[in-house]
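Common to both upcoming complexes is chain A, partnered first by chain B, then by chain C.
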Partner chain A sequence: MSALPSRGRDEDRLSTRVEPRAPHRRSALPSARTWIAVAQWLVTLATCAFLVVPVVMSIVAGLTVNYFRGVASGLTLRWLEEVWTQYHASVFLSLEVAAATLAVTLATGVPAGYALARSRTRVSRMIEELLVMPVALPGLASALALLVVYGGYSAFRMSAAFIVVGHVVFTLPFMVRPVAAVCASSDLRTLEEGAASLGASFMQRFFTIVLPNARPGIVAGALAVLTLSIGEFNLTWMLHTPDTKTLPVGLADTYASLRIEVGSAYTILFFIMTMPLLVAMQWFGVATPDVATRRERNAGISHHQDSQ
Partner chain B sequence: MKLDSIPITLTRCAKTFRGARVLEPLDLAIGAGETLVLLGPSGCGKTTTLRLIAGLETPDAGGRVQFGDDDVTTLPIERRKVGMVFQNYALFPNLNVRGNIGYGLKIQRVSAATARERVDELLAMMRLEAHADKPVAQLSGGQRQRVALARALAPRPRVLLLDEPLTALDARLRDALRGEMNTLLRELGVTTVYVTHDQAEAMELGERIVVMSAGRIEQIGTPREIYYRPASRAVAQFIGTLNRIAGQWSDGMLRTLGGAVCASAQQAAGASELYFRPEDATLVDPASAALRGVIEQSTFLGERTRLVIGGAAPDAFFVDVAGRIELARGTPVGIAIAPEALIALA
Partner chain C sequence: MHDLTFPLRWRVALVAPALAVFLAFWLLPMAALVQLSADGHFLATYRALLTNSRYMTSLLQTVLLSAAVTLATLAISTTCGLLLARRDFAGRRALVALLTFPLAFPGVVVGFMVIMLAGRQGLIGALALRFVGERWVFAYSMTGLFAGYLYFSIPRVIVTVMACASKLDASLEEAARSLGASPWRVTRDVVLPALMPGLIAAGAVCFATAMGAFGTAFTLATDIDVLPMTIYTEFTLNANMVTAAGLSIVLGIVTWGVLTLARSLSGTSVAATA
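Then we have the complex of A and B:
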């Protein structure tokens, strides 16, 4: 109780000191602030609309009977059915390619990220930079390089494995980077020394300490690899054969050769496949048992990705 | 809990990192069951020495590490059967308290029942029963420290290695845990190497202390030997507070600003300066004193008063007297130092 009056007195003193200028500010500042806030909201909403409206339109287009006559012509699932009957093979192919890509990037990218994080030599820094090259290069260029080198092996070139190779080249850095970031930030080296002091061999340490503690990075990497693989077009378009059409290649097909409603229905199919992955990506980013420490680590990862 | 004890012998162990010598060739014999403290400022090579014993580093060619009769120089840490407590504890965030303590037993493929029993025993010993199933992130600093210790002890190590285990804690907790640690180490009877830069910790825990500086051993001795008979200025200045008496020698007397100090012939031989501890000087009547000075500052510290006395020697003296003694600035005083309390250094 005794503290309150004195605090009040302090405030009085403050306000009397400020008072001479206060009337000016009160009339001028809030209104300017309001204008700025309104302007910010308008810009943000306009940007959102600019981005979201085409997506919504596309979804609507895929569900209307005749896009040119508008929604008034009625809604239908016919186009979706048509796309499914014609292109369900590419859905499964895309899933298979994504799974295979994930398997390869897990098997190679996780150890690579771990090794890069542990090694502090200049060579490892160079390797880290080189890994990102396929992301910096246009996909067409990487694809061309693959075709020039492996195009002659026709059985390989005709198979979906060829596309997997392309996807691995493109997605590997997205696995290596987050894994390396987690490994570097969580002081894995000391944890490993601790495990070693308790008698754990290298493999035991890797599976009981390194992998569980690198999990946030691995999950982030895995989801990135899956989404990128499913959506990859540039490379795949160059690498695909009529028998190995993935989802985005099929999408380009439908847009190029069929009516717009079919192409839009295809977009819906695409949404249905990738949205759960994107949601999972966000969800795993936050909801992990050891919330506090993981959050810190995840923050580390996102910084890292930003810097890419 | 009682553990077996073996001696540790380091022979000509040196360590070079990328061309930089961090540890000069060093010989060290640690007795079975002894608690040896490696003490020194950061960068003195004490942690490197510990890591050589642990097997986290290998000595430069020619160095040898033995546990008892076993030459373990080339064995990696996972095969040395050591228990180690790291400065930041290195607890596994993916395991709970029980999982951390039982990790070493699991690696050794100890049967689940035995492991559970051992973990329970350690939880009880470390008063961690209430926290057994918590993730380590939820523990306080002191609890983490006890988990780290329990984890290191669970597989019954041959040697216990502690790398600044109390440094990460706040001062009050550190003082409390130092006592507990002391009791525990005596009870375990395991050969222990304890690294610290804190002299109070070293004094309390070490049966012998190895004072290191700049990659070399400065002195090895019991806490009393290190304190009262430091081998060099580096040791003397690192441990406690020391007053320097500089002056000219004549007839076995060291003549300085405020008078002279009488030293034994043994001390006078080869020594250039004398030193003494703040608590070893007594104040006497200045009229009859051999060494006189003036109070420059008086600080009341509760159980004692620390005086700064100027004019007696080129450097001001710190002298500790009983807390009840009050002396104003400028008071002339006489200083008497018992001959056996004088420390002579070259």
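Then we have the complex of A and C:
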């Protein structure tokens, strides 16, 4: 690295600019800059290894005959088959819960996001704050609270709807916020006034102007809701019954009681299930700000939080 | 605000469904939880809770762990995020994808990743056994939980740092450099202050998540002494609903307090990232 001329490193850092700088400083600066760059690269690559290595290991472990003896013991699909016969119900339940959660958050969150963005009053600000409370506070507390009030209604308590309710409350802000942000950044009021002056009714305007304009926010919100619902554990562990085990609940069971190959195979199943969502996130630029549109970026759509 | 195209009745009608869900399934249950936790004598019950040394040790450990995770995550993610946001190199997008795909992992899976790394049959243990002659197993302890929360938080904060860094005004740095500032000083005096609101917001969210997290601890070991595990034990093993309710409210208040503090420090809405 240190053999490179300093110009080369400048280009590395600021790809298009040529900066005016007194020539005598050139000899002193590059080494500091090189050290910083090297340290930065080391940290980044180490972090990358920290995140990726265990994933690769668990995929290998789930396909190995005997993990303790290593890959030399041979590869097999036996564990995957075993997990599938035993736990496929949890996969389908998770998909159903996620779909139901998405349906409810779309029906309630999209209109709310739009309305909150259009009316910037103190009341609407307060409602927005309130809706975020279930995310800011520990999921355990929300789950206990639901159990206190609704635990007695056993038909509701025993059904998957109980889990859906918990997921909806927790994921609702992830739909409302991006929709509100996109609605606030596009000048809907002017567009709607134009349409209204031409005689469009409120419903016509909502479906032909508001929804198309809010689409980036709706897509980002929908992906977040699906991902969060499929991975939700904090609430679900408290709310589930033996008949309503979702994927993360099944995972926790397997990790606690079964051999590492089975746990790994189940994790592979989880990876396969979330892969389409991840690809979609990359595709729509939800997770990576560099491909997100400026509007989305300013709207803070890329920010993400969920509970463990 | 008089708005011809958006009359009040439509506003109410559009917000009503979301608000109804929230009131029925969160606010009302929360109020019931608070009432239950008081057990008839609000002050006496909470005084007993807050003077119980076991619970307070658990709370303190949770706060310390969350704070340590937050600081470490911020340091690592800022380093990675700045590299990814400000340098252009071959394979950059692939690296971004690798660093952000664990975003979708729930806490239980993160716990399993830590077991893969540092568990009884883990990689770190195997490597240590070969080179140091001693098997390092730290997954089932506070250290393992620390590693798990790092794993969980790093991708999230990297995304935030990249978003903030892409909005930085490059001319400020250029000015600092042309005035003779060293790269380190440019980072310390120009880049970091500009990133600070975003970092505080991301750090607050990271802290809040670590405070309430449950899945990772649950996967690693049920006897790690953090408050969510204590609440869970009180609820299931001891069937002590009053204490579980009280502790989860204390946990909620501490978490909410940190978020509020961070918001007043950063000046922007932390809730916007929550």
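Here are some notes:
The rule we apply is simple: the second predicted complex is superposed on the first by the 256 of 308 C-alpha atoms of A that agree within 3 Å, B and C clash if a C-alpha of one lies under 4 Å from a C-alpha of the other, contacts with A are read in each partner's own complex, and residues count from 1 in each chain.
We take it that a residue touches a chain if its C-beta (ideal position, glycine included) is under 8 Å from a C-beta of that chain, and two chains touch if they have at least 3 such contacts.
None of the values given here were measured: they were computed from a predicted structure.
Once the two complexes are overlaid on the shared chain, A:Leu278 sits against chain C while remaining clear of chain B.
Once chain A of one complex is fitted onto chain A of the other, the partner contacts of A:Tyr87 are absent, as it touches neither chain B nor chain C.
Of the two partner chains placed by superposition, only chain B is touched by A:Gln204; chain C is not. Within the superposed three-chain model, A:Pro54 lies in touch with chain C and out of touch with chain B [touch as defined at top].
In the superposition on chain A, A:Asp187 contacts chain B only, with no contact to chain C. Judged by the touch definition given at the top, the superposed model places A:Ala196 against both chain B and chain C. Put simply, more of the residues of chain A are touched by C, taking chain B and chain C as the two choices. Touch criterion met: A:Asn213 reaches chain B, while chain C stays clear of it. Residues 193, 195-196, 289-290, 292 of chain A lie in contact with chain B in one complex and with chain C in the other.
The touching residues of chain C, when paired with chain A in their complex, are 1, 3-6, 10-11, 13-15, 17-19, 21-22, 25-30, 32-33, 36, 76, 79-80, 82-89, 93, 95-117, 121, 123, 148-152, 154-156, 159-160, 162-163, 166-167, 170, 174, 177-178, 180, 182-184, 187, 201-202, 205, 208-209, 211-216, 218-219, 228, 231-232, 235, 241, 244-245, 248-249, 251-252, 255-256, 259, 271-274.
Against chain A, in their complex, chain B makes its touches with residues 54, 56, 76-79, 81-84, 86, 88, 90-94, 103-104, 107-108, 135, 137, 151-152, 154-155, 161. Interface of chain A with chain C (complex): residues 12-15, 17, 19-21, 25, 29, 32-33, 36, 39-41, 43-44, 47-48, 50-55, 57-58, 61, 67-68, 104, 107-109, 111-112, 114-116, 118-121, 124, 127-142, 144-146, 148-150, 165-166, 168-169, 172-173, 176-177, 189, 192-193, 195-196, 202, 205, 227, 230-234, 237-238, 248, 251-252, 255-256, 260, 263-264, 267, 270, 274, 277-278, 281-282, 287-290, 292, 297, 300, 302-308. If you check the complex, the residues on chain A that touch chain B are 186-187, 190-191, 193-201, 204, 208-209, 212-213, 215, 289-290, 292-293.
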